[in-house]
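Here's a structure for you.
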Amino acid sequence: MKPLKRLLITGAAGQLGAAVRNRFGHIADKVRLSDVADFDAENAEAETVRCDLADYDAVQRLVAGCDGVVHLGGVSVEDKFSKILKANIEGVYNLYEAARKNGSPRILFASSNHVIGFHSPLDRLDNTAEIKPDGLYGVSKSFGEATAKLYHAKFGIETAIVRIGSCFPEPKDRRMLSTWLSHDDFVSLVVSVFRAPLLGCPVIYGVSANDAAWWDNSKVSYLGWQPQDNAERFRAIVEDQSPMPGRDDPAARYQGGKFTTDPIFE
Amino acid sequence: MKPLKRLLITGAAGQLGAAVRNRFGHIADKVRLSDVADFDAENAEAETVRCDLADYDAVQRLVAGCDGVVHLGGVSVEDKFSKILKANIEGVYNLYEAARKNGSPRILFASSNHVIGFHSPLDRLDNTAEIKPDGLYGVSKSFGEATAKLYHAKFGIETAIVRIGSCFPEPKDRRMLSTWLSHDDFVSLVVSVFRAPLLGCPVIYGVSANDAAWWDNSKVSYLGWQPQDNAERFRAIVEDQSPMPGRDDPAARYQGGKFTTDPIFE
Amino acid sequence: MKPLKRLLITGAAGQLGAAVRNRFGHIADKVRLSDVADFDAENAEAETVRCDLADYDAVQRLVAGCDGVVHLGGVSVEDKFSKILKANIEGVYNLYEAARKNGSPRILFASSNHVIGFHSPLDRLDNTAEIKPDGLYGVSKSFGEATAKLYHAKFGIETAIVRIGSCFPEPKDRRMLSTWLSHDDFVSLVVSVFRAPLLGCPVIYGVSANDAAWWDNSKVSYLGWQPQDNAERFRAIVEDQSPMPGRDDPAARYQGGKFTTDPIFE
Amino acid sequence: MKPLKRLLITGAAGQLGAAVRNRFGHIADKVRLSDVADFDAENAEAETVRCDLADYDAVQRLVAGCDGVVHLGGVSVEDKFSKILKANIEGVYNLYEAARKNGSPRILFASSNHVIGFHSPLDRLDNTAEIKPDGLYGVSKSFGEATAKLYHAKFGIETAIVRIGSCFPEPKDRRMLSTWLSHDDFVSLVVSVFRAPLLGCPVIYGVSANDAAWWDNSKVSYLGWQPQDNAERFRAIVEDQSPMPGRDDPAARYQGGKFTTDPIFE
Amino acid sequence: MKPLKRLLITGAAGQLGAAVRNRFGHIADKVRLSDVADFDAENAEAETVRCDLADYDAVQRLVAGCDGVVHLGGVSVEDKFSKILKANIEGVYNLYEAARKNGSPRILFASSNHVIGFHSPLDRLDNTAEIKPDGLYGVSKSFGEATAKLYHAKFGIETAIVRIGSCFPEPKDRRMLSTWLSHDDFVSLVVSVFRAPLLGCPVIYGVSANDAAWWDNSKVSYLGWQPQDNAERFRAIVEDQSPMPGRDDPAARYQGGKFTTDPIFE
Amino acid sequence: MKPLKRLLITGAAGQLGAAVRNRFGHIADKVRLSDVADFDAENAEAETVRCDLADYDAVQRLVAGCDGVVHLGGVSVEDKFSKILKANIEGVYNLYEAARKNGSPRILFASSNHVIGFHSPLDRLDNTAEIKPDGLYGVSKSFGEATAKLYHAKFGIETAIVRIGSCFPEPKDRRMLSTWLSHDDFVSLVVSVFRAPLLGCPVIYGVSANDAAWWDNSKVSYLGWQPQDNAERFRAIVEDQSPMPGRDDPAARYQGGKFTTDPIFE
């Protein structure tokens, strides 16, 4: 028996969404894919729904009938506040209101390492680390985390708050030797989250088993998630292709890397 | 020499604002009082400015020329999300943008104990406690805290994040024997914040020296703030006038008290 | 309104029981005093019940009708295991079974510093300190603490586990400059315990506000208990009358003092 | 040279005892097997002694001549207090008294995860976790732990306090995916305990290297014990054969699982 | 009976030595005052000895016959390495060797806040704080601390390692509102150290009960030392006479203040 | 591109220096080998420089032109204070002064486990453990650590403080089952230190991935160093060849082993 009847994936047309959206057939009877953009799911069995997360009523309809949600939707890089406000603040509120009124599905919320991006790489963080967002995007993700905690404490909705590192096919620079999350490891994390008898509302770092990792997931060992990939395998290539940053380069000084100096504010 | 040239107080017409707005003449050459509502400052020397915090340009003008801000403005109870979004999310963003573009004044941000309201009274919290908001209001205050941290790390703007307990003339129920902040102690806290050579961006619990306090400010002892009042003085009256809550009453179970069951979500 | 209808005090004829048994009229409509020995309560308003704690049925009757218990009964010094087994192990089990079947009264359980007596005086302990009993008496008190926690988690019975230091009219030796609990401070602790809306099952060190204290009660600040006495007042007399122990004297090396070398085991 | 001259195993006829009793020939010149029940050791080289642990004198004789003890004896499930009192409280006292008078053998004391059974699976525990017994059995094991600590501090007897998870041939339900201890891993733990130059009196979680483990043994890494088995290997079978518990099912809510609702108290 | 027979005070002619050297008659039958410079003890009952701490044999003679030492001698500001090497490194080695060979007197070692001077004032430190010396002087004091610990662990010599803040008649600048130690409080600390039955080898911050203190002595509460002075009393004068440092001024950024930029290295 | 232009290795003729000095050609264009003794580098491409670390001017010349230093030089066992003073105190000061005046090369400082040698093997240590040196050698290494921290905070020179365990071809006794560092793992550590974009000034335990390790390097995971060897492989041989120490043998009681009883002080 599969743990879910219907799994909703928002942001299904994004980079990460596209890479993983068709890999959850074994944990849900039905998969519903959604994005604000048009896309071809390339999967005859999936439902696809176009939906703007800032539209309260549309989100109610989107969530109805789902007992699991992987929430990848919204803005996923630094941007103007007005855009972030719509997608990542109003959008998240809409999602949780929809969950509250539609059977309290379990949610995996794609938060981000940029919630803690102003920490130094010299500091190892576990999931109790102080919030230190490195931009408006990071602030909006911390809003989402706070919302998830509210709906858990007040209404019993369980959320896995996943602070995704760098989820790409391969690590692309020296920072990603620490922050890389392989697509395979993300998929196995989703499975762990939805098969757990009790989830609670934990913060989880979405990161592969990298030798040079900065983040410590030991407090969520109860999930039994064991990432299998390791960015170290790509070290030679990465060091070859990306220059050594200077010690004062934000790419070296802060976990959030270049986000810490994003010029969005000009 | 006074530590500030011009101190801005937002929310000056609110309960707390009204009680304290005319008590800072000794730390600022000029005081500017602001509210979204009309009010009579009853103080010939103060500037008064009517301003809606959700108006980006108006907030720019409001902050211009100030080197200190006590930000009491915004919604201060649980409310509809649309209202909170305007006042406490857009409003806070506007305030920090105004600070960034207008000389980076030092800010005292009135956050709230409702940011951690779903903790149990059995748990003593210091300023590293996990965020556990007890409503949309609490979520919005945690947004403000995250914004303050961003502008500190990225732009050097210092903020005292003050999680105010219950700031009233007297404690009014049993919970306030723990959470009460006297007006006098709030005033002395403001003074401590603006006289400190280095402030950083600390979280401070705004609470008097109550025997039954839940919150531990020892990590901000560098401010030299020593609250002088103690709610215990009012215990007999309070116990007389407010019934003993049952153990399952939210007023007993959670630090946030009745906020944890506010019916705003219906 | 008084917080209790009927308060049971066991061990009422012991040293501590006799000193405090008639001081709780203001928190309970009725006081029931009990001991295994005969005694004269010198209080016309108190009920007195002779009861052996090792007698299951008698304890059921003793607890019936009480909504508060101060459990001072049992053996209170190091002794043969057979005696401790009866009074402090079977007796405590009987008490909690009686509580479970008779309305779940709130309990103050007189535990002892001898539960942690093998710690060094150089170590400051809070209520999460490792158990290090200094004798069979201390082991039996740790049994009582574990029993209290079980009945709290499983049946909701609240207990204040009070690790009493040295509760005498005055400190009698150098160790008691650290461990002394005045009778007045014990009485005010009892009041704090029974007036709290929510108690839980905390460990509390029963110690006055001694300058040289070893124990940290900050985690139970929610009770609002503020001891007023300080053994330091007696330092000159104590140092005069009791010789300086050598560094290898158990009275200096361990918090439990002479209990750590009690010859009961021969 | 083997580390032990004579190893005593109590409870040798129980489930765990029977599975491992004949696997220690390489660490002891002689093995003495004991149980309150009759049993056939199926091992010509082992001594077998029938012994009731509640019999003080018999236990003295049982321990005499042994320099190592694996104490598996006593009641190992929830039971009436009278039975637990005899076997697990008087029995443990008798064992330590026998050890004290008979050369202070090193002891492995089979404690239990039920000492901490009322913790949530969401909480990762190390060996300083608060005692939260889930029944009378758990309380009795915490008595044994306290006794072990007393005899270590006072008499120098070293004990490995092993909080055994679920020691069976295979994990039998979803909870055991976290708590399983394989027989092989238990055997290697025993070896580690008796070969260590210095043991002290540590608490060790008896659990295999399960992906979904709740318990952290890093503080006892000095033993060099590295469990080799992993319950994850059995996940598919287990999930197939045991239904997903609801979130309010004790099997999901507490580490102690069904023990937390054992009806022994009726 | 006084706790000491003969108390040696080194550095008795220095600023601090001169202020306190004649205030210990009540804790020692004899006081021996020493300095590398000539001085008039103004105390007919004191022995005075001129001694260069870098002279091994002279220090042996100096310590002989003393059961208590207050070691104020050596260089007490930033200086050339060659001077610090002689006075604070060889000198401390000589002192401890003399103690080892002359009856193991108890020692109060005047260490310094400059051992931790590169911490931020925003960080509250207890006595487990990381060493962060702010100059060669601070490094030499950390050498002294390490030496004290060695002689305690290896030879049983007890030392109170006192990290003195700013021990002057009055606080002289804003930093001293946090770091001031009054002479009276230093004297009472010395008394506490020598009257304690067991001292161990603790680190103690030498600081009065300043409202704005950075340092936490709670771990040495066993000494019963309660400083009585508070630099806050001088705040108005201090703020009047010393300008507000900028946020980037070392006087504001680091606990060590100006020591962090001492130009000794040029 | 190699991370270093010229790597200086001091103490290149010592046991460890000789074993590894010719294994860094892949991380530095040039290698400069130095020792106070004559030696044959057996490497035509290496520069060799004879240098006494106690000679300030010679050390200036030695460091000039190097952007990396592996500092193995100095006394590496317990010895007379006069020798340790020259080599390990003056020598380290000279090295850091040379670094300050010659381009601030990154340094790997060979500290030692003897800085924390008086801890018990029962205590797992991370890099915040209290300093507990087990001899003058250990004290001198803690001086070096403090010096490294000063030059980092004040002048920005980065140092990897490596507390080397027992760096030999194979573990030679039971203690080394915990403390062994293989030559291969030391080499990979050096590489990790010099390839890191940001190093800071961390304390790192130089120890292989031994099953029975006492030390926890998780706080420096950002280096990505993953030791590959495990002393456990040698357990059978080691246990065969070295007798079981008694519980009171320093080899069993302290992490520093025999160093704790070195008779250098007679």
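The letters A, B, C, D, E and F name the chains in turn, as written, and every chain counts its residues from 1.
Keep this in mind: a contact is a pair of C-beta atoms (placed from the backbone, for glycine too) under 8 Å apart; a residue touches a chain by one contact, two chains touch by 3 or more.
If you're wondering where the values come from, they're calculated on a predicted model, not measured in any experiment.
Note on connectivity: the fewest steps through touching chains from chain C to chain D is 1. Among the pairs E-F and B-E, the greater number of C-beta contacts is found at E-F.
Although chain A and chain D share one sequence, what matters here is the overlap of their interface residues, and that overlap falls short of half of the numbers used.
When the contact pairs of A-B are set against those of B-E, A-D or C-D, over half line up by residue number only for C-D.
Note: centroid distance chain B to chain C, computed from Cα atoms, is 41 Å. Here the CA centre of chain A is 51 Å from the CA centre of chain C.
Shared interface positions of chain E, defined as residues touching 2 or more other chains, are absent.
Judged by the touch criterion defined above, the protein chains form a pattern that is neither an open path, a ring nor a star, and not fully connected either. Applying the touch criterion to all chain pairs gives A-B, A-D, A-F, B-C, B-E, C-D, C-E, D-F, E-F.
Those residues of chain E that touch chain F in the complex are listed here as 81, 85, 89-90, 93, 97, 100, 118, 128, 130-136, 138-139, 142-143, 145-147, 149-150, 153-154, 260, 265.
Residues 120-122, 124, 174, 177-178, 210-214, 216, 232, 235, 239, 244-245, 247, 249, 251-253 of chain A are the ones that touch chain F when the two sit in their complex. Interface residues of chain A, counted against chain D in their complex, comprise 1, 3, 158, 195, 197-198, 200, 202, 218-226.
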